[in-house]
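Inspection log for the structure reproduced underneath, given as structure tokens.
Letters A, B, C, D, E and F mark the chains as written, and numbering starts fresh at 1 in each.
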Amino acid sequence: MAPFVLPPWIVLDPLLDSWLREDIGRGDRATAGLTGIRTAQWRVKSAGRIAGLDVAARIFQRLNPTVDFVALVPEGADCEAQTIVAEITGSIGDLLTGERSALNLVMRLSGIATATSLYAAQIADLPTQLVDTRKTTPGLRILEKYATTVGGGISHRQGLDDGAMIKDNHIAAAGGIREAVTLVRESLPYPLTIEVEVESIEQLDVAMECGVEIIMLDNMPVPMMEVAVDACRKHAPHIKLEASGNITLETIRAVAETGVDYISTSAPITRSPWLDLSMRMI
Amino acid sequence: MAPFVLPPWIVLDPLLDSWLREDIGRGDRATAGLTGIRTAQWRVKSAGRIAGLDVAARIFQRLNPTVDFVALVPEGADCEAQTIVAEITGSIGDLLTGERSALNLVMRLSGIATATSLYAAQIADLPTQLVDTRKTTPGLRILEKYATTVGGGISHRQGLDDGAMIKDNHIAAAGGIREAVTLVRESLPYPLTIEVEVESIEQLDVAMECGVEIIMLDNMPVPMMEVAVDACRKHAPHIKLEASGNITLETIRAVAETGVDYISTSAPITRSPWLDLSMRMI
Amino acid sequence: MAPFVLPPWIVLDPLLDSWLREDIGRGDRATAGLTGIRTAQWRVKSAGRIAGLDVAARIFQRLNPTVDFVALVPEGADCEAQTIVAEITGSIGDLLTGERSALNLVMRLSGIATATSLYAAQIADLPTQLVDTRKTTPGLRILEKYATTVGGGISHRQGLDDGAMIKDNHIAAAGGIREAVTLVRESLPYPLTIEVEVESIEQLDVAMECGVEIIMLDNMPVPMMEVAVDACRKHAPHIKLEASGNITLETIRAVAETGVDYISTSAPITRSPWLDLSMRMI
Amino acid sequence: MAPFVLPPWIVLDPLLDSWLREDIGRGDRATAGLTGIRTAQWRVKSAGRIAGLDVAARIFQRLNPTVDFVALVPEGADCEAQTIVAEITGSIGDLLTGERSALNLVMRLSGIATATSLYAAQIADLPTQLVDTRKTTPGLRILEKYATTVGGGISHRQGLDDGAMIKDNHIAAAGGIREAVTLVRESLPYPLTIEVEVESIEQLDVAMECGVEIIMLDNMPVPMMEVAVDACRKHAPHIKLEASGNITLETIRAVAETGVDYISTSAPITRSPWLDLSMRMI
Amino acid sequence: MAPFVLPPWIVLDPLLDSWLREDIGRGDRATAGLTGIRTAQWRVKSAGRIAGLDVAARIFQRLNPTVDFVALVPEGADCEAQTIVAEITGSIGDLLTGERSALNLVMRLSGIATATSLYAAQIADLPTQLVDTRKTTPGLRILEKYATTVGGGISHRQGLDDGAMIKDNHIAAAGGIREAVTLVRESLPYPLTIEVEVESIEQLDVAMECGVEIIMLDNMPVPMMEVAVDACRKHAPHIKLEASGNITLETIRAVAETGVDYISTSAPITRSPWLDLSMRMI
Amino acid sequence: MAPFVLPPWIVLDPLLDSWLREDIGRGDRATAGLTGIRTAQWRVKSAGRIAGLDVAARIFQRLNPTVDFVALVPEGADCEAQTIVAEITGSIGDLLTGERSALNLVMRLSGIATATSLYAAQIADLPTQLVDTRKTTPGLRILEKYATTVGGGISHRQGLDDGAMIKDNHIAAAGGIREAVTLVRESLPYPLTIEVEVESIEQLDVAMECGVEIIMLDNMPVPMMEVAVDACRKHAPHIKLEASGNITLETIRAVAETGVDYISTSAPITRSPWLDLSMRMI
């Protein structure tokens, strides 16, 4: 399996620095005068899939390059409760000052990865893939979508600019699917794709004729979705199909069995609890 | 009741701008060519407490100052499902380009406010107050803690610099509570307070002698907590007492009834689902 | 025709501000003491296609919102020498302080648009479209690619992240086209496309089998390109074909007549002189 | 000869970082999964003068400090086509991710240096020096002016603040050369110089009386320029004379032979093609 | 004694970088061509207390990590005139380019530390402590308050957010001390303290009843201050008392003898001359 | 008289914003709940020259554009103690939140302007002009030098880049004045000037021969300075002469009477107390 892919640090470092500054403010009042090199351990407090260890290591490095962060499990590992996932060695002050920023990030990402893995497990034997959405915490888009991949899903577009999604509001404003697609295509960088959201078989037919690359079946009942998949496979086999709307752990498998290529859901990002971890000196 | 208090925009604007840029990237591919002024409505899809409407308005204003965002419910309102909470009028392009950044923020903050309000309701008739922690999403500290207040809690310190919390790791590193407090006090700006985390009555006694301003009773069973409260009220009535550790909706009332001043829990921030809202043109 | 599409100002403003600061440094030494409101005209000094007027207007607004910039020709107009393209009214100091930053930008973008329009004109009656590359001036990517569209081309991907281009170096590193495509597909956000650069019919065959979305025919002689187009239209009609390498005003039409969908060239951006404009008070 | 002088990296790094971020966006989609250390070579594809190698090295270092960039020719070398100018060793991912930002910069600067060297060669045996102008690409001022020096010219002022240039528009606004000079002198930091643009012998006479440090002979025919030089050498020998306007490779020598101290032209920056370079793994 | 406490570099580096950029601008014109490694010495030119050496070292490191800055006296040392306080070894260019930014900072901080130490010496045998105010140079708050601690004082709050100071204007706006305190308490993060400024015994009585943590006796004559201290010690022994207003080297001891806990004065920051230092190569 | 010249706001705004953020931190704890529009007055508490009122107005505007700041005296006015210099109308919260940042700036700048005016008054009837140095508070260079001009001096160069000052350390490193000047001249943008620091008549002679534009007579006794002025006026009348070193209010006139063009001193910036101002609601 390919490793999970983070962007280069030059992209992430400004975020990491801003998080440290957010927490530290004008200085850490509680570490003044503490001295010595210590080692701390990170322990997960309940079972879950770990995500973000490399980012945590980098957070400590941004605080002080001499901190040594050693991950004890691979990224994406499914950990039992009480697993020690990392050992961090450095000055006691650096360990305590960087602790919360680093832990908060890993707890949030691991919560997403854990929830994603539960959804992905439901359809693991089917060709359908689980994808995320643009419902992400402001400021954390890249890393929350990274957690999706650690959880076993793949990412949807990252923003408004690396793909064109034409939704109901766009269609209404343009005066129809055909008009909306035409407007978008005129100014779209050519390698980018167009996805259209459809709510009926009639809309599906129009979308197929427009030559879009992806069609999202939005909130369709499963039987209608089956009709849609059949129609599209017959008339426009190169178009990718994405199902969306009210996906739950209970419903996801039935949706996947319709044969759609992708199922998108925001739930692992918008509804998942953080995975609890704690740090303790050894 | 005093209004909920956001910091001046000059503090928040850089965050808001970064969120818009995160989502927009190099441009919104789907709104090219759409023209006209439209009005959109925001609707909550399940019951909950709304938070962040002023921030959402500002997000649209940062995108284009001509967008007019009208909140239809007051900040902190408990809304039924399907309540329309805001109407936004502006160019169709601005409405669609700003939609997700603004909605994501309000959905996240409202999720926190909603969860917080459930915890706060359990102890509303008692003098004990609910407080948050530093377990917040990296980059969203100020606003997530603001959501705590909308939910009926009050905020703990905002970072490492506006209060000194001496925890187990600090105590171990310093060689004891007394030593840790002494070290901190030497360099602490004088209006700031020191809080010490204690896990036993013995530690409590030391902490009281050290003249700290706040003592956190960490993970104490309720009976031990009752002993602690009694001891502290008798010997050090000016010290504030905070209970922490494994607070749930089921246990919070019993903890409050011990008479502690504050109960801190990260659950409304780390374990709450977002409140779902959607935008539709009218 | 749809209007040319700039990203929202919140994306561009930091660039514009940095340009003003680059030129102004610690202050404009030559405008001290000059007073009064004046109107200036911008005149093109040789024939060409104008691009960037809205950006110029915004540059003056960033310097001082009271400056009034009125474009006298539409964006993308082909202007004769001596055409007055804009009138700008404001305090004499603001006009002179902002002049060079605004002019430099428009001269550069108009130079690109002018050159692009010459290439595009050669193939205007054919379905093939002209596209740009990632050879752009550091810091000006978005706006130089915008100038491509004003010149009559369409944009290729904007960066390393909104499309995957697999070139000779990637293929060599991965051990083959097939291996390279597989590696990329594993972590690619699903709406994004993969383009592979091929230099022979054998490579083309492999690329078609790999299910990529775009194939670039790199530096192929026209006869080989014709073979390639035929093969691809027959076996993989949904794959887009791009021709690249040593495109000149003389050769572009013959390349287009092979039936490729896109011809990419960096020449309008890397080899075009600026369109000269000057400002004078009236 | 003194080495060409770049400002300290602390001045340039923010630019370099912004260029990497511009190209990388949210991540490089094509290098995921590529592993191993490789060496790449940079080859110039046509003859020209190389400029910017140290900056290219720094760009790779900002991406990853472990990349080793070895220049094989000295900065400012006149290279034959196919010369290998640098070897770069690092992880295959870093080489490919940083390639375009680094190459674009060097191609642009080398194009300027090459064009500048052609102009400078025309007057190399005369005391007159070639200088650039403020017509530079927004955001690249410092480095484009650096390329001027690599090309054999010297730089004019860097911005509006390190010298006062009084041009026709300033003169008109102030009501005359004398008035304009007086206004500027009053607030000018005292080590800074004043340059006045004159278009006639009458204006020259006034400028000489005003005690300015530099006079620009703007668009004067060569015979008038000869008169101007004579007059100035006789009456104000400490004033430096700069010729400007419509300088070409054909006309520059005749202008220099009038005896002016400096000839300024924007052509090497606004009209030069980039020097083409390519990178290939070895 | 605990060491003086600076915040982590990640907090300060942006400031340090901005200072270097402020001085360097587009490049150091006077160091071009200078080569070789040299050692420079910093000498204090009059007696005083040195502060900021670690920051100076970091400034040079930000310019070039190879510069080696060796402090020859401990931070906070009281130096005779002509004491050599540091030796700095590095390239001659780096030493000269970084010299002024680093020296300016240390001269300013040492001036504050020196002045502070004079005030602190007046009350060194008394329990009263000297504190600073928010009258600090814009942009230097953290470091000027750090200099206070080097001078022997302790810091007051660092900004508007880590403590609530209710002054005459707040009281007037709220309609009274009681109303002002109530308003503030409602939204105050709970570990933060409230300080109220009082000008009379009547106001003192109200403030004591309001349960504030600190009371500032503003501009009170010493006899009134004695009454105030007595009243507060008797009725509200946990409230800290701060004296403020027209504190001079002559008056400070009498004020301290009233028994107040803290005496605040802006004089060491707003009225102190810089301590002169110079750098010379050896 | 020409007005005092500030750079455009686009240059200063980032500084102003950073000062507000420095003081506000995460929010103003003391203004929560205060409502209503109020007017405040600024009063100088001792006599002095006022500087920075436009900057103060802008600071309030950056906080909230609706604040109305009305200066009641012109910039540079010499005010008696108790003069009301400005009235500011706005929401009570904005007035109190912005108060300290704005006041601190004006107090600092006015302190400099006041001290400068005292030095300037000593030589007001002589042609010699008072100039400042690069000994300025890190981060405040532009504005402290602006205050010099309000005080009646003129500014020296603003940084290392808008003039070349060759000092003893440069001369030693280069191997002599002549060598140092030659090195600098080679890479100097041509409108910039070179100033050389000399300590003896022998050095003066060399400097005159090198064709520098300015010579600084460093720490010369007045009789030696007279010899230097005579020599320079006779042999190199176009060279400007600057006296420097140990200038005091007592010595400045004697130095000016030697006939030097400029006297530079850092004292008004490094040794001046702030001018005290206070704000009160009316």
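Some notes on this structure:
Here, a residue touches a chain if its C-beta (ideal position, glycine included) is under 8 Å from a C-beta of that chain, and two chains touch if they have at least 3 such contacts.
Everything numeric here is computed off the predicted structure, so don't read it as measured data.
Contact with chain B and chain D alike is made by A, C, E, F.
With centres computed as the average of Cα coordinates, no chain lies farther from chain B than D. The chain with its Cα centre farthest from the Cα centre of chain C is E. Here the CA centre of chain C is 45 Å from the CA centre of chain F. For the pair chain C and chain D, the distance between mean C-alpha positions equals 23 Å.
Separation between the centroids of chain C and chain E, computed from CA atoms only, is 53 Å.
Annotation for chain D: residues touching 2 or more other chains are 2, 5, 7, 24-28, 32-33, 97, 142, 158-159, 161-163, 183, 186-189, 192. Chain contacts in this assembly form a complete graph, since each chain touches every other chain.
Contact residues of chain A toward chain D in the complex are 2-3, 5-11, 142, 158-159, 162.
Remark: chain A residues 1-2, 4-5, 7, 129, 131, 145, 149, 154-158, 161-163, 183, 186-193, 195, 213-214, 238, 240, 262 touch chain C in the complex.
Listed in rising order, the residues of chain F touching chain B in the complex are 17, 20-21, 24-28, 32-33, 62-64, 94, 97. Contact residues of chain B toward chain A in the complex are 15, 18-19, 22-34, 36, 38, 40, 92, 95-97, 99-101, 103-105, 107-108, 111, 134-142, 158-170, 172-174, 183-184, 186-189, 192, 270-271, 273-274, 276, 279-281. Every residue of chain C that touches chain E in the complex is listed here, in rising order: 25-26.
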